[in-house]
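I have placed the structure first, in the form of structure tokens, so that the comments after it can refer back to it.
Read from first to last, the chains carry the letters A, B, C and D; within each, the first residue is number 1.
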Amino acid sequence: MNVAYHAGFIAGSFILLAAISVPLTRFRNGSSVLYALAAVVSGLAMLSSMAALSRGVSLQAVLPFGLPGTGMRLELDALSAVFSIIVNLAAILASIYAVGYGRFDPAPRRVLPFYCLFLLGMNLVLIADDAFTFLLSWEFMSLSSWALVVSRHEEKENRDAGFLYLVMASFGTLALLFGFGILAGESGSYAFDLIRERQLTPFAASIAFLLVLIGTGSKAGLVPLHVWLPPAHAAAPSHVSALMSGVMTKVAVYGFIRVAFDLLGSPAWWWGTLVLVLGGVTALLGALFALMQDDLKKLLAYSSVENIGIVFVGLGLALAFEANGMNAAAAIAATAAIFHAFNHSLFKSLLFFGAGAVQHATGTRDLGQLGALIQKMPATAVAFLIGSVAISSLPPLNGFVSEWLTLQAILLSPELKDWGLKFAIPATGALLALSAALAGAVFVKAFGVGFLGRARSHAAIEAHETDRFSLAAMGAAAMLCVLAGIVPGLFVDGFAPAVALMTGAPMPDQSRLPWFTLVPMDVNRGSYNGLLLLLFILFTAYGAVIVIHQFVSNAIRRAPPWDCGYPDSRPQTQYTASSFAQPIRRVYGTLLLRARDFVTMPPPGHVRAATFRVEMRDLIWEKLYLPVSGSVLYAAEKLHPLQFQTIRRYLSLVFGLLVFLLTVLAIWL
Amino acid sequence: MRASLLLYATMLMPLAAAALLAALPAYRLSSLLNVFAALMTFAASCALLFERPAAGVYFLVDDLNAVFIVLTTFIGFTTSIFSASYIAHELETGKLTPLYLRFYHAMYQLLMFAMNLALLANNIGLMWVAVELATLTTVMMVGIYRTHESLEAAWKYFILGSVGIGLALFGTILVYLAAQPAVGEGLPAMTWTVLIANAAKFDAPLLNIAFVFLLLGYGTKAGLAPLHAWLPDAHSEGPTPISAVLSGLLLNVAIYALLRFKLLMAGNGEAFTPGPLMITLGLLSLLFAAFMLYPRRDIKRLFAYSSIEHIGIIAFAFGIGGAVANFAGLLHMTMHSLTKSAIFFTVGHIVQAKGTQRISGISGLASSHPMLAFAFALCVFAIAGLPPFGIFTSEFMLVTSTFAKNPWLAGLLGLGLIAGFGALLLKLQAMLFGEASKGSKEPTATLIPIFIHLAIVLMAGLYLPPPVVAWFQSVARMLG
Amino acid sequence: MALTALTIQFLQMLLVLALAPLLTGFVRMVKARLLRRKGPPLLQPYQDLLRLLGKHAVVAENASWLFRVAPYLIFGATWVAAALVPTFASGLIFSWSADLIGIIGLLATARFFLALAGMDVGTSFGGIGSSREMMIATLAEPAMLMIVFTLALIAGSTQLSVIAQVFAMDGVGLRVSLGLALVALILIALAENARIPVDNPATHLELTMVHEAMVLEYSGRHLAMIDLAAMLKLLLYVSLIGCVFVPWGIASPTSGPLGYILGLLLYPLKLVIGGVLLALFETSIAKMRVFRVPQFLGIALMLGFLGTLLLFVSRSF
Amino acid sequence: MRGIVFDIAHLLAGSLVLVSLIQLYQDRLTSLLRVFAIHAIVLALSVGWQAYIQGAPHLFATALLALGFKGIAIPLVLHRIVLRLGIHREIETVGGIGITMLAAVALIALSMVVIFKVTPGASTLAREDLAFALAVILIGLLMMVTRRNAVSQVVGFMSLENGLILAAAGAKGMPLVVEISVAFSILIAFIVIGIFLFRIRERFDSVDVSTLDRFRGGRQ
């Protein structure tokens, strides 16, 4: 099969769907039909990618579109195929979810066409084989997702999010344009094949690498280019948030891998260090910011920042290993990165689905308004719980496996010779562990405040379970999370061709090991078996239940909560989202967030209410973005009076320029 | 013979139509006639592509101007369609009287004539006359509403334009003087084909001085900063179809003239290279306009500044030179013309629908006029260089090739692009979103021309037909 | 061979379950004696557990299913983790299913559910406990991981059995890194097991409590499960310290029956020593404010990090 | 013979620059208009002389146009306008007249330096004549940017244009010179008596450009 068919099918179907979507919304179930069709198209695209991956060939095609002279080049190699599977799998889930969820959309015509185009854009990025097609699809993806972010434009918050998003996306694209400018050279050899053949000087290659890191990092949400991500992801409809957070960031990761590992050739030693440190910082800050959020979707979005950090740590390790010729270790690190990208696409989609269901059921995503949803939305709660466990990197689910692989890769790194790495890697390991622990806290907070406890608002009391399609999508995602956690070997083998393409050597074959054990190098170095752990835990826990209930007691008595003898029936006395975060805020926040608590207590005897206020400052926003936007506006303000000059002044400009040029002529030429 | 007939048709048809329209009192008929004449001119110019007359003493059709003549007549045609439905509304609201409408239509065709003449002229003097004529007709039209603002804009345009004309004339005379010893007196020393062929023999210092004057003269017409001052006001105060033509066509004509003279400079080995000068002015225009976009409060003036920005990019591209950048420059000119005129069409609709040109008075378009909002958003994204539109292609080529050659210049270019994009997006969102402002009249005018332009721009972003590519490439080679 | 290994694995599982309350009881006893009190009998924890198991479970009206499932899950995860730490023999047959990182992960899973359970009823004390527990975890887990790094880099493996063997057989010698790791591990063990000075296992109704606040609403068999899990955890940490830092006497798969018997004899001894040291430490120090805890754990983190860094750096020579 | 022919041409061109300087010196509108008339007459003489020595009779048309239109008609019309508007008293300048004069001298020097780069003998018109024309143009522009009054700006523009005509007429055998001069005359006619002035007078009390400027950017 030719990749042109693959591309043609995807492009044709999604464009067709986008075209019929607007008239289709006139019908009662029009949007459901459309989402179902989108799921089918994504499914076929995934199958096609799987077929290409299993056959182990890379398909190429040159279409007579695109840039004159270069053409639209497409290639579906193992790396593309793996990411195509990640993208389309999440797209299937999101579409199924939206079959149900999309019905409640107040303005489906602002979502549907762009949803199809967004999926198309992401798919095209993955199979682009020349710089033009790549950037065209890349920016198209940004544009279509922008339309989705602002689909609920009545709220100013969403508009602002959309603005920041698209400006940052364009900034990233500009960096990529520069980067590809170096890669393609003056003559404009934009085809990836030609780029691979070009021999860049180390300096040029490093500049290109940095630019591409900025370009793809801004899309992926690497600190400090992440500021757009939380508001944008929170603003979009939930199935789109799931795709943006779960998948679009992976497309960015793909872009980075494609350039850094494939196009640029052998890496310089410090590339890995830089990526590693950035990844570690991103993971830490992402988790910390996530913990400070009271908005469920923003919390999830910041958690995406964290996970992207983990992925980049893996990629940085892989680069460092590769630069030192340790291909086997590089393979482990790269596998960890891809695996984590895959895992994150699953559980982040799942969690956003859950958040969407909650938002629809209660009309809010403010954790302070939720509570006790586990009673009203039991199925959603189970799915959300599984997602929470998975994303907190807890065994035996999938998040732990990729984190574990990353740590295993870190443990191979003392062999590296570079001094920078010797300091950077242990530090990154600590940051990684810190962020994993913080992620645990984040999701105890999200699930504990949102789903447990007592309902904090009327809306939460009135909540109801979501529809079947949404549940099906969440269920499927949850199952996949469990599956990837207990049989990781299968997935690692699946990623092997892509890893081989990145690092020159895949991880050892895992399929022959008993009980689906995961052994990255040698069984004596370290191994992991999620299946057995799950079985053991279930066995012991269930055994305990059986034994106790059988032989001792199974009686239950319901009573009011004890609460150490101070029960208070008002739900307001519960721990809130921000009070949950308070200890951690006090530990880390004072330094990193400049968090300060302000408490005013009325003097004894007064009945005035006490007030409490938390002030947090985003230093990155203040030190990096505000100066930029401020100086742009300052320049604009300073130039503004030029609009109001008299004709004479304008003539003076002309006159001055003329005299200046004549003087130049007189003196120099 | 047929070919030269077509050539004359391209120019005389608008002239004849202008005379007829000046005499015709029935305005409905005259707007139809306007459309018809524009269509016929377009047809004739298309035919010119296939039957190209040999270069004469006065007229010339070659690769370079063939692009522009077709583009000009095409946009002239689509604008006339837009104008037909737009101007009727102006009459209803009493902004124009039938008498002025007659004048307007005549002037419109006269402008078409002038631009075609400027593009087809094989004579630097003739070209100069034509550009002057085009300027004067647009001055008339800018002032047609006779409000304080429009009169002021027209006056400003007129004065600055006249000075520009004067400077261009001096440059033209100097070119003649430089050529005269080499090719003899009289017409040959003003004929493009002769000039280009003998450029090497000309006196270089004289050419240098000439180019400075030409750059300033025609640069004023093109709206390069700091010679741009007339442009924003003229765009914002005149009737919208005229803004479309000004931005889409007249600026191109000026750039075309500059390109011709650049060719001449390139032909002479000793004359200075105009590249750096054009790059400097281009970057200046780009950066200046990009920042000026932020405080804009008038929608038409906003896009006028955007035109300055793009003219800057075009000048930059041609200044960089080389196969890739020249190609990008040509593509950018074409795409900018199509897109910017489409934008002004949409802006015309929006202003009619919302009854104001103030950006703050326009909000919630996406709710009140979804189709219009959609077209508007597409147009703005196209002009901002987002894919899959043609400007993305040209900016892609320009930015990548420049960065490989000269990263600092590309960095400045990128700064201008991103700053301009931010401003446009800010304003776009302000107008599209939020609560719909009052006054949701349905615009009467047709959206078809907008979508025709967008379709072409979209197609160019994805697929440039091989003949067009070959054509652009040969021109790019010609430009060096 | 496989049968022996399987037997040993099961023996180990039962052993830890059986010894866990005893260790807790022993520590309590020693503490009481140090305070010149008589204290409860050594086997009191067993009696407590049995009594709790027999009682009705009183569950708050608004508690969800998670509240009732969590104790068993916590117990299961902790038990599995404890069973994977070599106590008297290192050739555990299932040790490859989770290495040291996996064990930390399992404990984290248990903690996750405990924290959720603390928030389920929606009382203010539950929230306090959960949020503080997670705060402590954010420091303890990275520190623990740093210790793992140190051990794994020295032994060339994250497999606890392998680490124990390497440390027992080869002359690893005295290393600065190991010393740092030991101190860090002890600090973490104190924090993780809710011991003084981080938390007080013997009190309720104290504004600084952490662990007890989370389990305040539990009663009956649920409380028994959670208490047992806590005891297992204490045993786990003591065993861990024992198997890594005093690995002598742990039977390896190659050693004969004699080796196993030796291991079985030495293991309780290690527990006793550990217990006495813990009791001594606890009685000699005061409980600290909750917001001093981060500093306490920060020291552990720094020590662990320093140990790892030293290893990374020394590799180049 | 040839020597005297060219000397006369130089003399006329040089006196045009001189008149330009005198123009710049004027501080009253009426006297400015008078000097401008002289400027146009000198131009007409110069163009006529060129027509004679080049044997190009069509240039006589240009010379007549300059004489009749710019030398007589325009000054008269402007004079009437100035009187009617009552603005004949004085000219508001930017900066002092002395400084302006200094700038004008500098411009003349600049013109000389620039033009002397041109290869001698490259054109039939002597380089000096070209330099004079350039100087007249630059001084015209200078006048436009240093005068606040519309009438004097127009005068500045017209003297700029005179410089152009001088250069064009000096370019031997250049076609379209007459057409160009006619076109310019139309342009000036537009400026002076064209619809704009009428409209401006309809709507504004004076032709001071700054009055126009008051409305600039009203709508941004």
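Keep in mind that, in the parts below, a contact is a pair of C-beta atoms (placed from the backbone, for glycine too) under 8 Å apart; a residue touches a chain by one contact, two chains touch by 3 or more.
Being a predicted model, the structure only gives us computed values, none of them experimental.
Visitor: Between chain pairs B-D and A-D, which one is joined by a greater number of C-beta pairs in contact?
Guide: When the contacts at B-D and A-D are counted, B-D has more.
Visitor: Any idea how many Å lie between the Cα centroids of subunit B and subunit D?
Guide: 31
Visitor: With chain centres taken as the means of their Cα atoms, state the distance from subunit A to subunit D in Å.
Guide: Each chain reduced to its C-alpha mean, subunit A and subunit D end up 69 Å apart.
Visitor: What is the distance, in whole Å, between the centres of subunit A and subunit C, each centre taken as the mean of its C-alpha atoms?
Guide: Going by mean C-alpha positions, subunit A sits 35 Å from subunit C.
Visitor: Using Cα averages as centroids, what's the distance between subunit A and subunit B in whole Å?
Guide: Taking the average C-alpha coordinate of subunit A and of subunit B, the gap between them is 43 Å.
Visitor: Going through subunit A residue by residue, note those that touch at least 2 other chains and give them in order.
Guide: Only 643, 645, 647, 651, 654, 658, 662, 665, 669 qualify.
Visitor: Hunt down the residues of subunit D that sit against at least two other chains at once, touch-wise.
Guide: Answer for subunit D, listing residues that touch two or more other chains: 114, 117, 141, 144, 153, 209, 212-213, 216-217, 220.
Visitor: Mind pulling the subunit B residues that touch 2 or more other chains?
Guide: Those would be 155-156, 159, 163, 205, 208-209, 295.
Visitor: Quick one: which chain pairs are touching?
Guide: After working through each pair, the chains in contact turn out to be A-B, A-C, A-D, B-D.
Visitor: Of all residues in subunit A, which touch subunit D in the complex?
Guide: 643-648, 651-652, 654-655, 658-659, 662-663, 665-666, 669
Visitor: Given the complex with subunit B, which residues does subunit D contribute to the contact?
Guide: Touching subunit B: residues 114-115, 117-119, 122-125, 130, 133-134, 137, 141, 144, 153, 157, 160-161, 163-164, 167-168, 171-176, 179-180, 183, 187, 190-191, 196, 199-200, 203, 209, 212-213, 215-220 of subunit D.
Visitor: Would you pull the subunit B residues touching subunit D in the complex into a rising list?
Guide: So the residues of subunit B touching subunit D come out as 123, 125-126, 128-129, 132, 136, 143, 146, 148-149, 151-152, 154-156, 158-159, 162-163, 165-166, 169-170, 173-174, 176-178, 180-181, 184-187, 189-190, 203, 205-206, 208-209, 233, 236, 295-298, 301, 357-358.
Visitor: Which subunit B residues qualify as touching subunit A in the complex?
Guide: It is residues 155-156, 159-160, 163-164, 167, 205, 208-209, 212-213, 215-216, 220, 226-227, 229-230, 232, 272, 277, 288, 291-295, 322, 324, 327, 366-367, 370, 381, 384, 386-388, 392-393, 395-397, 399-405, 407, 410-411, 414, 417-419, 421-423, 425-426, 429, 432-435, 461-464, 469, 472-473 of subunit B that touch subunit A.
Visitor: So in the complex, which bits of subunit A are touching subunit C?
Guide: Within the complex, subunit A contacts subunit C at residues 371-372, 374-375, 378, 385, 389, 392-396, 400, 404, 407-408, 410-411, 413-415, 417, 419, 422-423, 425-427, 429-430, 433-434, 436-438, 440-441, 443-445, 447-449, 452-454, 515, 517, 519, 523-529, 532-533, 536-542, 544-545, 548, 552-553, 555-564, 566-568, 571, 573-575, 579-584, 586-588.
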